[in-house]
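Labels run A, B, C and D following the written order; every chain starts at residue 1.
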Amino acid sequence: MDLNDTPEQAEYRAKVRTWIDANKAGAPGLDGPTAGKEEEFIAIRRDWQRVLAEGGFAGVTWPAEFGGQGLGPLDQVIVGQELQAAGVPGILDVIGIGMLGPTIIAHGTDDQKQRYLAPMLHADEVWCQLFSEPAAGSDLAGIQTKATVQEDGSWKLSGQKVWTTNAHFASFGLILARTNSDVTKHKGMSMFIVPMDAAGVDIRPLRQITGEAEFNEVFFDDVHIPADAIVGPVDGGWMVALTTLLFERLAIGGGSEGFGYRADRFAKAIADDPVASADADVRHRLGKLATDLLALRYTGYRHLTAIERGGLPGSEAALGKVTAVKAAIEAGDLIADVIGPDALAEGEWSYLISFLPGLKSAGGTEEILRNMVGERVLGLPTEPRLDKGVPFSELRALEREGAKS
Amino acid sequence: MNFDLSDEQRSLQEAARDALGREDTVAAAREALEDPSSLPDLWETAAAAGWTGLLVSEDHGGVGLGPLDAMLVAAECGRRLAPVPFLGHLPATLLAEGDELQQLAEGEKRGAYLPTMPPSDLDDAWTVDPQSGLRRSPAPAFADGKVTGRVHWVPDAAKADYLIAIAVDGGVPKAVLLETSQPGVKIEPTIAYDSTRPMAHVELDAAEGKVMSASADDITLAWSVAQGLIAAESLGAVEESLERSVQYAMERYTFGRQIGSYQAVKHSLVEILRLMENARSLMYFAGWAGESAPEQFTLAAHTFRVGAGEALDYAARALISVHGGIGATWEHDAPLFFRRAQLSRRLLGGTGAAADRVAGELLAQAGAAPARG
Amino acid sequence: MDLNDTPEQAEYRAKVRTWIDANKAGAPGLDGPTAGKEEEFIAIRRDWQRVLAEGGFAGVTWPAEFGGQGLGPLDQVIVGQELQAAGVPGILDVIGIGMLGPTIIAHGTDDQKQRYLAPMLHADEVWCQLFSEPAAGSDLAGIQTKATVQEDGSWKLSGQKVWTTNAHFASFGLILARTNSDVTKHKGMSMFIVPMDAAGVDIRPLRQITGEAEFNEVFFDDVHIPADAIVGPVDGGWMVALTTLLFERLAIGGGSEGFGYRADRFAKAIADDPVASADADVRHRLGKLATDLLALRYTGYRHLTAIERGGLPGSEAALGKVTAVKAAIEAGDLIADVIGPDALAEGEWSYLISFLPGLKSAGGTEEILRNMVGERVLGLPTEPRLDKGVPFSELRALEREGAKS
Amino acid sequence: MNFDLSDEQRSLQEAARDALGREDTVAAAREALEDPSSLPDLWETAAAAGWTGLLVSEDHGGVGLGPLDAMLVAAECGRRLAPVPFLGHLPATLLAEGDELQQLAEGEKRGAYLPTMPPSDLDDAWTVDPQSGLRRSPAPAFADGKVTGRVHWVPDAAKADYLIAIAVDGGVPKAVLLETSQPGVKIEPTIAYDSTRPMAHVELDAAEGKVMSASADDITLAWSVAQGLIAAESLGAVEESLERSVQYAMERYTFGRQIGSYQAVKHSLVEILRLMENARSLMYFAGWAGESAPEQFTLAAHTFRVGAGEALDYAARALISVHGGIGATWEHDAPLFFRRAQLSRRLLGGTGAAADRVAGELLAQAGAAPARG
């Protein structure tokens, strides 16, 4: 058990720290945008990503030939830790750099790599991920957005995506679309690069319970996609998507400590109230949820160790989200019980309480996640599937029938 | 043995459902989050239906019904998240007298009861909810005919004409009727996470009012009725949450099946049903005790508060979860039920203090009668 | 809302009370058997059931022609309430009188009714119910005990039953057995009366966590069953079994108040400890579980009202068991947390804590119960079934295959 | 960064698993419920493996390992419900000195630590578990070189040669070594719901012992190590419960499918996994803190106690449930894990007091450093 850096890591950490010390005067603050100043905020954060990229601290794990540093995921973690310790924000385009760029590196053509990676790294062009759809949440392979090949080999794209972060200022999106409905659902999808300013693309903010629009809906109405914008083979989009999701898992596995929900933050809120601090019920609840959050912190170190050894955390790592959301809900409930309705007024606790129901479903419902872990980690049998071996085009009819039987 | 609603009570329920169905109060609840002034005022509806005088005898202009009837109407309001100012008004009518009572009963004036918790094992004194924190605030004081003190999180105060304050004189509570327009009364509207429940803090500074003849028992009763009413509103919201959840679980498919066919979803919906049926039985308990076993009413009303609160906590979160991500968006109705759950849980002492009082009542009974069990 | 008797009920109650007053001097106590005195205990309780039957207080709802009183289920409840209030035990053979007798009345031949009902009523012959099997718990229709018809029309019975209350002193059992494996599982069962002293019947006590044998396993090895011992039609046993289960539901719906778990009983245990009585955590837990138990009590009155009106409580009544077990587990945990390990020593709390895990599965697991309520009450769709339309003899092969797919 | 077990630690685990695999300790646990004398004595096994001196330096006859190593072995014992007297012996070796320490380390003598809770927000004094009830008992008193007092629910005392009592002298705790055979020491074996954990109450009546040089910090450390050890035993039992539950869920069919394919069962088994992985991370936290961050060891050991306790509570009930009715019968192994869960939860202050201490530690940190967060 050793949480210390290896000599190489310590050296890299010192280098990162030196660079941050030299550059932090020019860094923006950690706060999000204030109302009406969103564009300015994004411009500032674009600039800061550019500075980071030039310092070698964006795309740390990207190969050097694409502007990256060719370092390991632990080095990426070190950069994140040091930026956080210095109170300085990281890159703006976390999804592009962390997930979409690596997908293009893995599956894109040389031309695509040439064209897109450098501007992504420097935040000249921010990217968004266009996978989820209203009718395809947990069951991503059920997407209905359709790309139809044209005589000239280009594609026409129509459909709707949802839960799209950054869509409103992204230059490009990586979009999963159905290109063949006559085969089973996993086999008829392809992945495309779509310019977000193309004719027929309509981006609408999607407000959450908090009142803030963390996500967008994106509508596609006969959007023209050139033939060379496909990533990976025609009808081979599912494998490309799995690559993206793998990088997502790596990003989540390495970085989070209870999704930012820290035991000490919650303890502070209770400590402010001497009556609550001495109440057996309050203390019991605090002790239990704090235990969960500390478990997450140290689970994170286990995952980092796995990553350092060149692996990935096991599938059970996904359970960290369950614990984090559960403990944070308990914390929100506890703090609002202690503070009373005042906690529901605007402010951090109100935001926390309103944000959590959305987080609960984000990235797959808890039910799907438990299925996945039960099957992959415990080896439990899957449920009977009604959609196996059925062409996508016939699925709905089958669904109706299955429901009746 | 007839532990069920009467035909009259079913008619009352249906009439309430009809009356409240005329406006889309759930959509209004969302609009009011951004523009509180847009909240519809359902006072005329309530007065026309006789709800304003529901608990007042016919002699005083009311319709002379009981707590169960009031809870049934409150449940219908809760189902629609309808902003009917019941929580403040109805308990006030239990304590007011004379001409003012008649005005309240007939809906000519609006009342607001300043919720004041009877002494319990937690606090051996009359207390009110604090503005913030776990330490409860002392109830206003009564001295030289004047009331001084601050009461927080008062439902329906902003539009009230009369307040019923509980002011303590040497440990003895008095119900005092005040006009909201009179000197020494300051009403500060405050945030409402649930837009359909406008809240205010009330500051009383040597306010002179009419002292009512209500006894400490009457004042305790008003508190317990308020517990029953907020619980009933919660129960109504649970019923609606379950209905909507079941409907979506039938419509939505994933992996080739309706999501309601999956055990995880099915069992969660059954859990709402279980909590809801338990809460409904506790409402009947409170209604029956209110009518036939007054010595059990405090216990009954607080168990209902606890049971309905737990049910709504669960149902509101499940309503969001069953809808997946879309259930957590601004334009969806589910978050409005969630907001209702969050605020209700912390008003009128909160469900935590209600659970404590249930324990206290049972421990007192157990201690008083050591041979029981 | 009125918990009072109707005038007719009040009159009947007075009659019951008068009879009890006149007879309670001869009644046994409420305690269970002491170790080594089980036989004596049963003999005494047989005698007492005989006295009750002669007074007209056994088989209250049975038709008069079979020795009953032809009264309604509410009258049955009144008898139970008055006996309880007087601290006097009820009948010994609750299962026979409440469920098996009514099944024979509904489906038996005249000869069967003639032969069996009167001795059952007077406890000259106690009965047991032989439905559950080790491999057929939640899925009762999966039973494997087999009855094979002989040339003379009699049957040979082999197999194993489990969870059999009273088997060790019962004279007869009502047994569900498979008589045809070539049809789907619900269609190939028949119901028989089996003498428990027949050759080839082996009864073994099945001890629970408490150490007590509340149930038995019963083994059948080529047991001879005469042709006239079948109840209902050949291969028509499932309908007969459903009748028994319906009477079980009636018995549970009408009688219980949280399965005997009363809020005041638990409050008393806490009230004994002044520190616990003032502890916020303890009080909070007590307040919540007591609320659940009081909800059950008043739910019971709703069910009685339904029964009084000639109906049955809805299927959601089955959820009462979930609430009762949950609240009792919470109570056991709370009381043992307050008392400490001493609560686990012999005595009522130790018994409670050890008894509950068994009660949790009794009468169907919570999962099956929630499925049933979700489908019947909420109208939710069933899960895909792999066993539909498949002959019983092929089921296991199909199961194996389903698990692999 | 290397937050994982070392190769040596894995070897230690495997060796423990081998050593404990020689006897069917789970079956023995059931037999011992009816005949406590039948419980196998695994002392020789423990001594031969060097476990008796696990935490003792090589200078004093031990093997000089750390708390994490001890927890790893304890987890293996827990997995097999093996009656290895660790809870009493190992903390005793942290406080003993000299020849007696050597005897304890080499397994020549058996020690039993009398669990004594350091002051907390609950009780601002050194206390021991009461015989019954929520009010904690004062720790034994030290006066004129003699120890007087009563310590309840002491693990492993019945067969011990030496006791380490914590006796308080004007608020200051002293660790005192006593011989069980000496005058003034009375050991009363008591019931054990979990037959593999023989418990005793210890009565000290002006018992004269050797005062050790242990400081209050050392004595707090012994308490925390005991928390970690009982937590580790629980974690091992959880691992075994999960393994057995999964196996049965694969073998058992209902309605034509393996029960492990149903969401209700699957999700419950995943819940065991979730709680187990969290508890394992907390064991690593405690192990790492014990070695590298002693100022965090109290917090870490108590979080592990809370997390592992919750995991075992859940896993033991789930193990029974997944087996259906048969899982609740005497002849089945599942109830033995349930008994382990029930008793463990209430020993050494109980998991409730551990949660309270976690809260207390965090509240103190938050109060002491108001700028944090």
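In this text, contacts are C-beta pairs under 8 Å (C-beta built on N, C-alpha and C of every residue); 3 or more make two chains touch, one makes a residue touch a chain.
Just so you know, these numbers come straight off a predicted model, no measurement behind them.
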Pair exhibiting more inter-chain C-beta contacts, B-D or C-D: C-D
Greatest separation from subunit C - chain, by CA centre: A
Intercentroid distance (Cα basis), subunit C paired with subunit A, Å: 53
Cα-centroid distance, subunit B relative to subunit D, in whole angstrom: 48
Separation of mean Cα positions, subunit D and subunit A [Å, integer]: 41
Multi-chain contact residues (two or more partners), subunit D: 257-258, 261-264, 267, 352
For subunit C, residues contacting two or more additional chains: 279-284, 367, 370, 381, 383-384, 386, 402-403
Residues of subunit D that touch subunit B when the two form their complex: 262-264, 267
Residue numbers on subunit D that touch subunit A, as the complex places them: 1-5, 68, 121, 242, 246, 249-250, 257-258, 260-263, 266-267, 269-271, 273-274, 277-279, 281-282, 284-285, 287-288, 291-292, 299-300, 303, 306-307, 310, 352, 354-360, 362-363, 365-367, 370, 372-373
Residue ranges of subunit B touching subunit A (in the complex, touch as defined): 33, 129-135, 153, 190-191, 193, 199, 253-258, 261-262, 264-265, 317, 320-321, 324-331, 335, 338, 342-343, 345-347, 350, 352
Residue ranges of subunit A touching subunit B (in the complex, touch as defined): 132, 134-135, 137-139, 142, 162-163, 206-209, 211, 273-276, 279, 281-282, 329, 336-346, 350, 353-354, 357-358, 360-362, 365-367, 370, 383, 385-387, 390, 395-396, 398-399, 402-403
Residues of subunit C defined as touching subunit A within the complex: 279-284, 381, 383-384, 386, 388, 402-403, 405
